[in-house]
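In what follows, subunit A forms one complex with subunit B and a second complex with subunit C.
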Partner chain A sequence: MAEHVILFAGPMCAGKTTAIRSLSEIETISTEAANTDRETADKDTTTVALDYGEITIGDEDKVRLYGLPGQRRFDFMWRILMERAVGLVLLVNNDAADPLGQLAEFLEEFAELHERGGIVVGITRADIAEGPSLGDYAQTIAKSTSGAIIPVFTVDARDGNHMQTCLLSLIANIESRAALAYQQEQAA
Partner chain B sequence: MSDKLHKNPVVVEHARAALETFRSHSKSLGYATILTTDGFEVASIAGDAQQTRRVASMASSMQALGDAVARDLKMGTCDYIIIAAPSGYVIQLRVPGYDLVIAAHFDSAETLGKALSVARLAANDMAQVSVAAAAA
Partner chain C sequence: MLAFVKARYTVGLIGLDIVDRAKVNIILEKAFADGEASWLALYNDSCDLIITSGNLPVEAMDEQIVARIVDADCPDDGPFLLRRPLSHEAIVSLLRNAEAQLDSSAPAPEYGRLKVTGVTEVQPGEERAVEMAEAAPAAAPAPQMHPQFAALGPSYQQQIAAQQAPRPYPPTQAQRGVAASANAGSETVGESWADISIALYSILQTRVPTMARINLPHAESILIDFPGRRFQCAGFPDSIPLQPHQVVLRATLAQPGQGLPQGQPLERLLWFIGTRALGAGLAPWLCAEDRCRLVQWPNFTVLDHSIDHMRMTAAMGNGLLTAEELSLLSGVPFQKAAGILNAFSLMGLLHIERQPAPAPRVPAPVAGTGVGTRSSGSLFGKLIRKMGL
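Presenting the complex of A and B:
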C-alpha cells in the first residue's frame, strides 16, 4: 500500500502534538498558539490548526501524520483533514475530567473513519492519574460503536516505541480490512 | 500576560472601541473581529454571533498556518494574510505586542492597499490597550 494519511484526535492535552513529535522522522510542522484557556488545560500553548509529521513503515510505505486541535471550536479543521484520512489514532488522557465521556464523544465524531479504514485508541497520562481501567474504556468503545473492533492501549505519547506499536496495529488493521474488501470484490 | 484576554473587560472594551473607529475609516468594511491567537473572539462588529465565533476560530488557524509557512521558509513570523475572493476579501493581521489578531472582511469596492492600511491602523489602535492597567 502506498501513502496513508492518519489523524491524531482527542481532547486538549491528550498528547496528540507530542505523539507526532515522537513518531515523525522529519521535522514536524506545528501551529501552536498561546493558550488562554487554562481552565480546560494548564499548558502554555495549544494547537490551533494542525500538526504534521511523516514516518516510513517497512520499506517504502510513507505515513502522513496529522494532529488535530482538541477543542470543538476548531471542528472545521477536523472536517477538512478527515476527508483525506484513512485512519485515526484517538488519544484520551486518563487525567481528563471525564475520559470515558470524551472517548464516546470523539468516537461518534470520527465514526466515518472507522467505516473507511480504522481506529485505534491510546490512553495517555495513565502514569500520572488513576482514571478508568482499560476494561472501562473497552466497554465504552463497545457501547458507542455497536461492537466494532477498535483496539485500546495504554501509551505514553512521549515514547516513540509506544506510539509506533499503536500506529502499526492501526495500519495492520486498515490493510487487512482493505485486503478483505478486495477479496470480496473479486469473489462477487 | 495572555491569560484570558477575551474575558478581560478592559481588553474587550478597548477592542470594541478600536473596531468602531475601524468601521468609521472604511465604508467597505463588512465585519471585523478581534480574536486571541488561540481562537477566542474578543469583540466583533456586524456579522451574526455564530459567524463571528467561527471566523475567530478559522482566523486563528490561518494565522498559525501562515506562521508555519513563514517559519519553514525562514521568513520570520507571518505579519498579515489576505484571502481574496470574487466579491471581496479578508485581511487579517497581528496586533503588535499581544496574542491577538484582527480579521476584517471588505467588499471589493475598497482597494487592497487602502484596506490593508486601515486594518493596520486598527491593529495599532488595539495595541494601545494596557493590560497591566486592566489587571491592576
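Presenting the complex of A and C:
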C-alpha cells in the first residue's frame, strides 16, 4: 500500500488538531497535555507529541495526516517527520501577535519540504480578527520562497470543505510541479 | 446634458514615472472632455497605442503603436516621440497621428458596444498631485532569485523575474488623485457583462479608491466598495442575470467613511463575472496569444469553484500558458479555460506575457505525471473520487 504523509504545522492555537479531525476518516489520535505556556496560547491543552489521522483510498493508498506540536522545543520531531512527508498544510492564526513573522519562520523551517514536495497555507481566525490581508501573506510567501506560488486560503479548521480544499490544492500543486520537473528532465 | 461618446481606441500607459503618468493622464482627460480625442486610457500593454518612457523595452504587436517620452535634448525624432516638458498640444497631436495610422492600417478594434459617458473633468486639486508625485520614493531593489529557480532555465527564470517586478502602480496618494480622474464620476452603459467588465477592469487596474453601483434591469443593484474589496447584492449570485440586455455602472470617487460596513468579498463578484458572465470567449483585454501565469492563488474557500478550476489553477501556478494550452493541458473545454483566465485577470492574479512567445514551459500531459483527472491514477484523482467530488 502506498503511503502519502501530509504534515500539519504552525504555531500554537492555529487549529492543527481541529484540521486533522475535520479530514480524518478514523478517530484521530491526539497527544495533548496541559498547556503550561498560557502567555503564548490561552487554551487548556496543547499537542505535545503529535496528532494523527488518516484517509484510506481503496486497497492501494493511505494518506497519513500528522499534526506537529507548535512549540519550538519539539522541532526535532518536525525534522523526523519531514523526511517522510510529501506535503505540508501550514496553518497560521490571523490574530496572533506577528502572523507574518510566524509564517516566514515556518516556511524557512520547512523549505526543504517545499522544494521537493509542496506547501499550502491556511489562515485561520481571519473572520474573527482584523489582521494582515491574504495579499500580505502572499507577499511574505513570495519573499520567503523566491517567488514560488504557494496556495494560501482563509480557512476554518472546523470546516471539512475548507480543509478538503487545502488538501486537494496541495496535492494538485505538487503533482503539477512534478509534471513540470518531469518534462524538464525529458527535455534535458 | 451628457453626450454618449464612443472610445475608438485604447492607450496604455506603461513604465512611466509617476510625474509623466500624472501629466499624461490629466492631458488625456482634458482632451476627452473637450472632444479633441476619444481614447480609453488603460494600464496594460494590450492597447492600440502604448506610451512608455525613454528606452524602456516594450514588446509590441505589429498593429500596435509605441510612443516614447524623451528628454527635450534627445536627438531622436518621429511622429511618436513626446518631449518633456509634456504639452497638451503634443499629446493631442500624437493621438491624431496614432488615429491616422490605426485608421489606415486596420479596422478599429471592437469593444462590444461600450459607451463611456460623463467623464469628470480634472479638478483643481489634481494638478497638485503632479507636484506631490515628484517627491515619491524610488522603487526598491529587486530581490535575489533562489538558486533552485535559477537552475530551471531561462524561461522559468523569466517567469519568476516577472512576478518579482514591482507593481506598475504603487498606490501613493498622489497617484490616486490623478488616476481618479480616469474613472471616478463616470457612467458606463453596456449591453452585456463583457461591455461593463472593461470599466471594472480599468478601475481595478488603476487602484483608484472608487465606489460603484451596477444597475441591472429587473435585478438587484450591486454596490461595490473597491478600497474595502467588498460588495453588497441581495440574493447573489442567483439574483444576477448572466445575459442582461443592459448594464449600467456608475462610479464615484470614494469619500472618507463612505465604504460599505459589511458585504461579501469582492473576489466573489469578480469570479462570478469572469467564469460565468463574460460568455464563451476571452475578456476584451485578453488575446488568444497571451501567455498567462498565476501570481497568487485565489482564495478558493470563499469561491464557488469546481475540481476543474483547482486543476487549472495548479497548472497556471507552474506554467506560462495560453488559454488554448490551458484547455488542452487540463482537459477542459476552451470556454472554461477562458473563463478562469477572465476571472483571474479581473482579480489581478495574472502575470501576462505579450512578448514573442517563449517556448511554453508547461507540464506535458504524460501518463502518471500530470495533475490527475477523475480517471487517472494520481493521488489527486483518487482523492476527488474518494471525496465524491
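Here is the rule we use: the second predicted complex is superposed on the first by the 174 of 188 C-alpha atoms of A that agree within 3 Å, B and C clash if a C-alpha of one lies under 4 Å from a C-alpha of the other, contacts with A are read in each partner's own complex, and residues count from 1 in each chain.
We take it that a contact is a pair of C-beta atoms (placed from the backbone, for glycine too) under 8 Å apart; a residue touches a chain by one contact, two chains touch by 3 or more.
Because the structure is predicted, anything quoted here is derived from the model rather than measured.
Student: Under the superposition described at the top, does placing subunit B and subunit C together on subunit A give a clash or a fit?
Tutor: The answer is fit.
Student: Answer with first, second, both or neither: which of subunit B and subunit C does A:Thr165 touch in the superposed model?
Tutor: It touches subunit C, and subunit B stays clear.
Student: For A:Ser146 in the superposed arrangement: first (subunit B), second (subunit C), both or neither?
Tutor: Touch status of A:Ser146: second partner only.
Student: Using the touch definition from the top, say if A:Met77 reaches subunit B (first), subunit C (second), both or neither.
Tutor: In the superposed model, A:Met77 contacts subunit B only, not subunit C.
Student: With both complexes overlaid on chain A, does A:Thr28 touch subunit B (first), subunit C (second), both or neither?
Tutor: It touches nothing on subunit B or subunit C.
Student: Quick one: subunit B or subunit C, who's touching more of subunit A?
Tutor: C
Student: Considering the aligned complexes, could you tell me the closest Cα pair distance between subunit B and subunit C in angstrom?
Tutor: 26
Student: Which subunit A residues are contacted by subunit C in one complex and by subunit B in the other?
Tutor: none
Student: Considering the complex alone, what residue numbers of subunit A touch subunit C?
Tutor: It is residues 4, 55, 57-58, 60-61, 63, 115, 134-135, 138, 142-143, 145-156, 159, 161-162, 164-165, 167-169, 171-173, 175-180, 182-184, 186 of subunit A that touch subunit C.
Student: Within their complex, state which residues of subunit B touch subunit A.
Tutor: These residues of subunit B touch subunit A: 2-6, 36-40, 53-54, 57-58, 60-65, 67-68, 72, 99.
Student: Name, in rising order, each residue of subunit A that touches subunit B in their complex.
Tutor: Per the stated touch rule, the residues are 29-38, 46, 48-50, 69, 71, 73-74, 76-77.
Student: So in the complex, which bits of subunit C are touching subunit A?
Tutor: Against subunit A, subunit C makes touches at 143-146, 148-149, 152-153, 160, 163-164, 294-297, 299-302, 307, 310-311, 313-315, 317-319, 361-366, 369-372, 378-380, 382-387, 389.
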